[in-house]
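Common to both upcoming complexes is chain A, partnered first by chain B, then by chain C.
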Partner chain A sequence: MDTFIILLVNGLADASLIFLMAAGLSIILGMMGVLNFAHGTMFLWGGYTSVWIMARTGNFWLGALGAVAVGALMGLVFERLFIRPAYGKVTAQILITLGLMIVFTDLARLLWGATPLPALRPAVFDGMVALGGVRIAEYRIFLIVIGVLVAIGIHALINRTRIGMVMRAGVQSPEMVRALGIDISKYFTLVFAGGAALAALGGALYVPLVGSVWSGMGMENQILAFIVVVVGGMGSFIGTAAGSLLIGLMGTLVAWFFPPAAVVANVLLMAVVLVWKPAGLFGLEGK
Partner chain B sequence: MQPVLKLENLSSFIGPFHIVQGVSLDVFPGEAVVILGRNGSGKTTTLRTIMGLLRVASGVIELAGETILGLPAHQVARRGVGYVPEDCIVFNFLTVKENLQIAMRKADKETYARQSYALDLFPDLKKAYSRYAATLSGGQRQMLAIARVLQNDNKIILIDEPSKGLAPIIVERVGEALIAMKNSCTLILVEQNFPLACAVGDRYYILNSGRSVHSGSVAELAQDVQLQNRFLSIGS
Partner chain C sequence: MLASLQKRLHDTVRQGVFHPQFHFLAYALLGVLLLLPQLTGLVTVGLFTRIFVLAVFGMSYDLLRGYAGIINLGHALFFGGGTYIAGIVFANYGTSPSMLGLAVLGTTAYAMLAALLMGKIAFRGGNVVACAMITLALGEIVRQIAESWRAVTHGADGLTFPIPMMFRDRVALYYYALAFMVIMMLALRQFIMSPTGRVLLAIRENEQRAIFLGYNTASYKLVALQVAGVVCGWSGVMFALTSRFANTELLTVQQTLNALLVTIVGGTGTLYGAIVGTAFVQLAQHTLLGLRGVHPIFERWLLFFGAIYVFVVLFMPTGIVGLYQRFISHWLQPVKPR
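Up next is the complex of A and B:
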């Protein structure tokens, strides 16, 4: 029972972080058709930005806020300058976003060095809390709460606002949205920047959990987010949430019971889903 | 009289393929013009070119005397072009209500009045008002695609094969709606269903291999079996 609680909390906390990154990746792929290999860059820069600000101000929240701002700004610039000319050109998008990933990873290394920097948890959530007889890190509970809040927020955005309405329509047919008189490129920029900001928030919240920030963490975690999108189905909010839970919980279980299988398990899950449901668990069949 | 829409030697590409290779036509106020032609003759691509959905286009497209060639699709729409695409693309993950809402170009009293007129025309939509469009039948989807265009103040409406894939009884309903529309709007109708095209259209243009090759009055074409066979292979 104790083990179960620990694994559940760890898995849910991981799922929250994966969700923050996968949410943007999924909607960007679903709506704009862009396979964004630069998404992990925002995660990386979010991590470094928060650590950098915290080292100067001692304020974790300011660091997280700064990360969100930097992520949104990077998303805005990336979309306007680099992605926009390549809409509809898949090969160009892959090359451009991979290029951005490499350049901005190296830039981070140049600015902050190749050795990992330590990252601290906010003082309020640095302790342990007793839960059903086991001691759980407060920070993990905090991550789960954030994950749930962000999921509720995105759900409300998608279902209750005009932006969300255009997003749901755009996932099916951006061209038809245009033909009805809506300048969808504005929404593309908005969604891209929003997704980038969420990924940066993910990075800022991730580094205190593992205790450090390093230049390879963008790429490493981006792979998990891609797996979530494949498993959940691109452009589907429910799919992203379900996929994040699945990958987060499974990763924790495998790491606990049989660590050598950690990588294989994800790939296996992806393969099984692809054979069973090629469009992902909640994807649009043959869009 | 100035045409509402004027195409002159229109030409456009899909990727590397030169699809529309010289289409000229005029549509005058209040007219319903039908575009006829075999499958693959370029009817859909002509409408998409007018809408600004294709990147590479040349020639003349004038809407009420102003050129709209090269404008992005959303600006073409905002200038008063309503578009009912082939295969009635309505948004599956939006409710009927939201599908109407997203297509409203203005939120004024007139628009809401036209919306309720459209809903009266298609009572099915009223019943399904808060359902997701994914749950609608083929006929209801077509009605929704027409209703969302009807609520706006259009200079012209382009309709691409509204009868395609629908049961005969539904085609009749759609036909009645088209005739009702004809009284208040200027129309371009692409239609393979010849009786329907004749019932709605005033004049016709025939496309062949991406070119407008013939035009005249629908009433005359309905009599001229030789011409029908030459360009339309009706019954084949």
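Up next is the complex of A and C:
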């Protein structure tokens, strides 16, 4: 029972972090058809920004806020300068975002060095809490709460607001939205910057959990997010949430019971899902 | 009707692979390359040996990206796999020439199996985007396995190994590598001109239509991946002979991106564009690293690498070969006398 609670909490906390990253990736892919390989770079810059600000001000929340701002700004600039010239050209977009990933990962290495930097948890959530007889890190509970809040927030945004309506329509048919007199390119910029900000927030919240920030973490987590998107189905919000839960919980279980398989477990899961449902769990067939 | 279409396609392929104006240039270049070791020092010879080997890596990538329209982001697993297999064989079983045979055989088997698994998973969803994501994940898995399987691969420290006697002379190795590149280029060209190659072109142009014409596109793509994977694995074995060292860098996404960059810079779907691109990228890297005394920024090769990348994709989508062909067909077009 104790093990069960620990694994459940750890898995849900991991799932929250993966979700922060995969949500933006999936919406951008579904609506704009852009596979953003620079998404992990936002995650990376979010992590470094928060650590940098926290080292100077000692305030974790200021660091997280700064990370979100940097992520949104990067998303804005990337979309305007680099993605926009290549709409509709899938291959060119993949290549351009790959190039951006390389440049900005190396820039991070240039600014903050190649060795990992230590990252601290916020003082408020640094303790342990007793839950059903086991001691759980408060920070993990905090991550789960954030993950749930963000999921509810995005769900409400997509289903209850005008922006969300245009986004949903944009996933179905961008041409039709344009034909109805809505300047969809504004929404593209907005969605791209929003997704980037979420990824940067994910990075800022991820580094205190593992205790350090290093330049390879963007790619590592981006691959997890890719697997989530493939498993859940591209562009499906529910699918992304379900995929994050699946990958987060399974990763924790495998790491606990059979560590050597941790490397291949995710890909195995992806292969099984693809054989069974080629479009992903919640994907639209033929999309 | 179909016959004339096929003829036209055949001509396009032939022109793409070997533009008539290119013949003279190719022979002249080959002549210069044959004489090069007599004219320059060992540093240049080493650099060009590297270019020849990496050009084959690039060409195997171009077969996928330029001819079959597949973006494979795990391609490094074939290259690094070849280098590791050769290294493990030489380090554990000695360096007699028959061991090279074993390394090549082992690499071929490994590449075919890996390509089969990769293709079965990645071509399942059917679109370019899913394929790119899945292959990226697969490549990363192989890298992590190599990193954690320390007993065999020595993990992050890398694996140092001796090589067979016949390849230890740098100039001899240069000629072996040159021959390897030329043979691989002709073989790949032959493959592209084959009926299978033409179906691949059709898939690249319009996969939906190829399906409607009754082709099982997934199995054709699988064949392309098999061929590209095996050729790539062999180039990895050749790389082992030039470097005498293998580490997990060879299996990273960065290594795949190297191949992707050279095909874009050179010109995708031209095969020899990968050679031009590799030469350009390697010489640029060599020159920039030589400038590090001027300013330390020149040590950050990846910054330039990424910048070239974005620039070429945005402003030079046809690459150097494309520019050259446009120059030839536009400015040097023969005019009929009045």
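Definition applied: the second predicted complex is superposed on the first by the 287 of 287 C-alpha atoms of A that agree within 3 Å, B and C clash if a C-alpha of one lies under 4 Å from a C-alpha of the other, contacts with A are read in each partner's own complex, and residues count from 1 in each chain.
We adopt the following convention: contacts are C-beta pairs under 8 Å (C-beta built on N, C-alpha and C of every residue); 3 or more make two chains touch, one makes a residue touch a chain.
Nothing here was measured: the structure is a model prediction, and the numbers come from that model.
Measured by the number of chain A residues touched, the leading partner among chain B and chain C is C. When the two complexes are overlaid on their common chain A, residue A:Val229 makes contact with chain C while staying clear of chain B. When the shared chain is aligned, chain B comes close enough to touch A:Met165, but chain C does not. Of the two partner chains placed around the shared chain by superposition, chain B is the only one that A:Asp183 touches, whereas chain C remains out of contact. Once the two complexes are laid over each other on the shared chain, residue contacts for A:Ser173 go to chain B alone; chain C is not touched. Contact with chain C, but none with chain B, is seen for A:Thr91 once the two complexes are overlaid on the shared chain.
Judged by the document's definition of touching, no chain A residue lies at the interface with chain B and also at the interface with chain C. Here chain C touches chain A in the complex through residues 71, 121, 124-126, 128-130, 132-134, 136-138, 140-141, 144-145, 148, 253-254, 257, 260, 264, 300, 302-303, 305-307, 309-310, 313-314, 317, going by the rule given at the top.
On the chain B side of its complex with chain A, the touching residues are 51, 53, 72-74, 77-78, 83, 85, 89, 91-94, 98, 101-103, 105, 148. Considering their complex, residues 165-166, 168-169, 171-173, 175-184 of chain A touch chain B. Against chain C, in their complex, chain A makes its touches with residues 29, 33, 35, 82, 85-86, 90-92, 94-96, 98-107, 110, 219, 223, 226-227, 229-230, 234, 260, 263-264, 266-267, 270-271, 274-275, 278-280.
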